[in-house]
Amino acid sequence: MAPEDRIIDAVVALDPLADLPRTGWLLRGVRPCETIAEHSFGVALVAMLLVDELRREGETVDGERVLRMALVHDAPEARTGDVPMPVKGGALESAIHDLELELARQVLTTEAFASYAEAEAAESLEARIVKAADKLQMMIKASVYEQKKRGALDEFWANPKNFRDMGIPLARRVYERLRVRSGRAAPAPP
Amino acid sequence: MAPEDRIIDAVVALDPLADLPRTGWLLRGVRPCETIAEHSFGVALVAMLLVDELRREGETVDGERVLRMALVHDAPEARTGDVPMPVKGGALESAIHDLELELARQVLTTEAFASYAEAEAAESLEARIVKAADKLQMMIKASVYEQKKRGALDEFWANPKNFRDMGIPLARRVYERLRVRSGRAAPAPP
Amino acid sequence: MAPEDRIIDAVVALDPLADLPRTGWLLRGVRPCETIAEHSFGVALVAMLLVDELRREGETVDGERVLRMALVHDAPEARTGDVPMPVKGGALESAIHDLELELARQVLTTEAFASYAEAEAAESLEARIVKAADKLQMMIKASVYEQKKRGALDEFWANPKNFRDMGIPLARRVYERLRVRSGRAAPAPP
Amino acid sequence: MAPEDRIIDAVVALDPLADLPRTGWLLRGVRPCETIAEHSFGVALVAMLLVDELRREGETVDGERVLRMALVHDAPEARTGDVPMPVKGGALESAIHDLELELARQVLTTEAFASYAEAEAAESLEARIVKAADKLQMMIKASVYEQKKRGALDEFWANPKNFRDMGIPLARRVYERLRVRSGRAAPAPP
Amino acid sequence: MAPEDRIIDAVVALDPLADLPRTGWLLRGVRPCETIAEHSFGVALVAMLLVDELRREGETVDGERVLRMALVHDAPEARTGDVPMPVKGGALESAIHDLELELARQVLTTEAFASYAEAEAAESLEARIVKAADKLQMMIKASVYEQKKRGALDEFWANPKNFRDMGIPLARRVYERLRVRSGRAAPAPP
Amino acid sequence: MAPEDRIIDAVVALDPLADLPRTGWLLRGVRPCETIAEHSFGVALVAMLLVDELRREGETVDGERVLRMALVHDAPEARTGDVPMPVKGGALESAIHDLELELARQVLTTEAFASYAEAEAAESLEARIVKAADKLQMMIKASVYEQKKRGALDEFWANPKNFRDMGIPLARRVYERLRVRSGRAAPAPP
């Protein structure tokens, strides 16, 4: 396949991310709400800011890998839409994981798929930054929606899964600061 | 639980169906598009009309069972959103089926869940009417969207799975009529 | 007319119910808001649940008739849109009633029109269940919108017309439970 | 009542015009579509342009009266929403006319109501300009929607009621020009 | 150019005002929000009501000029969209002013442009009424949005620029009344 | 300022990008349309794919810098909204450029602002990739909207400014391929 077609095909394949809503917001009355593309943009932004602060702390991070993973981490949802998290638990989880891997392979180029797979593995520091950014973006968005009176989002703050720090102390501190700024007590240590 | 709470809880549990889009339309550029509640209303309507015509043909049908099944056939989607069909194929299918059964049990009353389970089994004439109505409603909606220039829906007409008649000749004839009215040739016999 | 056309024509004629908003919500700042099709789905759901509970209480109810009426009770609005209730009072009421009857005849099949007419008469137990479900669905929806901070709906709770029980004690008890759950005192007996 | 309250009350009473859709567009698949406030703005604009051209032709017109009528000509719809025209025919027409007059009185100040009443009478040149502008705006909007591929609007061009010129030759010439520009033949003379 | 084309061209040129949002509302979480056309309608309405009250007070006002200015005061935004006010400060202000003047000339007829230019000069009593109405409409809309729980608009009430009275005591009194009605203290005298 | 606040503040400051529409689509009838955040996501995606293909061609590219610039290249629009291009020509251009630089400084962290400034300078290969991706994303989106019948976008294909390749032959080839795939002749060489 010519490089031109490879580029156009991948962009067209991911285009639905800009029409598909983040289901979790809809379920709580935010309508219209953020799309998956907007979320992915936000995750890349948070990840970039985390990289900058980690470097200030002396950490060595491969920034390109972080940003690539952030951009494609929800790529399979261009085919399935955003399926809310509670669903993904239980015996179903590995079946969905396999499907998403296959869909990611279909919609992404070779290089982009490698980024997706690294993000899924969630092992490298870079992948963990993306995983943390995924939740940090969500909770910052929740606080913005609350401030703008859109929807009923209390349960977001009660769900410990929404505060995943992936072993990155900076991420933990952002969650804590966010709780304080939204008028909620910082969570007890796990 | 008091009957009052049973009623309110079930209605509230299914309320998200009125905020969740039918993902297939979004993927093809219809925006805004039909919600799952609007689809369920349409399926019940088509099913009612099928019952009336089948009775004219001399068939005996339990109309109440048909309408109950139509109303709750997508109940689990109040928790997961509408996951487009291509996803449901392969090894994943039975895992999703199990999950949906469990979610249906959570959101529905005992009687309503019985209707859901009968629809899923897809064996009784009544259940087959609902399954056919599910696709008939979708294809009539596709023709309405096309007539109103909303989205690009050609592929809907090319997918044989969208013309499931469940062994009901009347359903088959509606599909054929619909193809003619939308300016497409009737499909070859299977 | 062939049965196929009869089915397609009726579904197409009622299709606008999925694009037309329930005006009362718009007037109070819920935007986007429920469509007439979503409301009709909800009324059918509430009616089904009422039937189940009435049967548990020993009542004999024709469930099919109830569900048919619920599905078509707003059929004429496919031509006029939802006209808010205050308008329908006074000398205008019978003129609008006549028009709606005529529009229902135009958009519905013979059997479906019979259901519409029975619902309008509001005499049979089945028709009264549908009339009660019409308001019960509205008040449950109002409580859901309130919980999700969509719009300003206080006046809904102050309007006695929104608590019509049609002589069905179960309906009365659902209203009362709903008031309590929404943090409002139960209304004084009439 | 203090002048301040009179102003605020009237603006608040007409505020729903900015949330209520023009039903006719929705019925033909334009979604989202123009609101009544946007329509009223457009009618005032067309009316102003008609006044300017009529003056160039040597006509004497009271421009203020024209613009006042244009602004309030749909005021009662702030309470009822836009009820599509086909409905307003027949025996119902005078009943609705009476209701609208009463609603206009409720939502408008004394001076604004006088403008509404003059527009309804449709006798003065100024009122006829507004009535013509009402339809001219609609047909220009239809041509814009068509050019932007929003909805299916053919029937608008086939309905003679949409080309009401109120005895104003200039209005007639604008309709004819619009037909030509939209690729349709000019209508035969009446 | 023929009068017919002059009319159609101007209406088409201003048509985007009905699709373009008032950016300030979006920035504060009102979504969907008022369009520029809806705002312009509201400004004309407020201006009309101000004229009526000023006349009651014995003032002589040219009502036609007021309404014409109100209708076209945001005409250039049909090309640029609504650019929020903070941006327009500083050295940029006169450059934007020049551009808007040029765009207004492009989209408006000769007579309509004269109204635009008079409004921009903001010197005549009539022009000052329109400038005051521009802000009065905005603050009345803010109070309506607040009452309907749409968005977070506190900062609107804190910004003195939003209470511009253009030397018209009546305008000042409306602002004060509005503050009281929205539960805020009247501002201190400047 | 603590790192936590620095991250949260920047994300909140850019949050409006997810509510602000790309004005150019609205002006041509795409409604709802892409937001600035969705566009920025798309630009980053295109830029990433360009980097991969350029590397295959043997080019050395700093991928991190490319992706950072793509993410923040429209950051000032979080304060102003998207102002359509035609406006930015003429004497106004440098004034707007200065304003955007100042706004970027306000909303971004030090490191992110450096990326913004590099993108604006448009000199490095990395910055030119982002500039090309900015237009490539737009034209791919135009072709997707056309395929889905959303809006009237012919003029996008006629405007040479929309085919800026920034001296990157690969970008040129993607534009040409896109023209062919959308059924348009490739443009004549400049």
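For clarity, chains are labelled A, B, C, D, E and F in written order, and residue numbers in each chain start from 1.
As a working rule, a residue touches a chain if its C-beta (ideal position, glycine included) is under 8 Å from a C-beta of that chain, and two chains touch if they have at least 3 such contacts.
Owing to the predicted nature of the structure, the values given are computational and were not obtained by experimental measurement.
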item: Mutual neighbours - chains that touch subunit B and subunit F alike; value: A, D
item: Inter-copy rotation, subunit E to subunit F, in degrees (Cα atoms; steps of 5); value: 180
item: Proportion of interface numbers common to subunit B and subunit D (over half same, under half different); value: different
item: Reference subunit B; chain at largest CA-centroid distance; value: E
item: Selected pair, out of E-F, D-E or B-F, that shares over half of its residue contact pairs with A-C; value: B-F
item: Centroid distance [mean C-alpha coordinates] between subunit E and subunit B, Å; value: 49
item: Centre-of-Cα separation between subunit E and subunit C, whole angstrom; value: 41
item: Subunit C-subunit D separation of Cα centroids, rounded to whole Å; value: 32
item: Mean-CA-position distance for subunit C and subunit B (Å); value: 22
item: Junction residues of subunit A, two or more chains touched; value: 29, 31-32, 144, 149-150
item: Chains that touch, pairwise; value: A-B, A-C, A-E, A-F, B-C, B-D, B-F, C-D, C-E, D-E, D-F, E-F
item: Of subunit D, residues touching subunit B in the complex; value: 28-29, 31-32, 149-152
item: Contact footprint of subunit B on subunit F as seen in their complex; value: 32, 145, 147-150
item: Subunit A-facing residues of subunit F, complex; value: 2-8, 10-12, 14-15, 17-18, 32, 34-35, 37-38, 40-42, 44-46, 48-50, 52-53, 56, 62-64, 67-68, 71, 109, 111-112, 136-137, 140-141, 143-144, 170, 173-174, 176-178, 181
item: Of subunit E, residues touching subunit F in the complex; value: 16, 19-21, 23, 26-27, 29, 31, 79-84, 86-87, 90-92, 95-96, 98-99
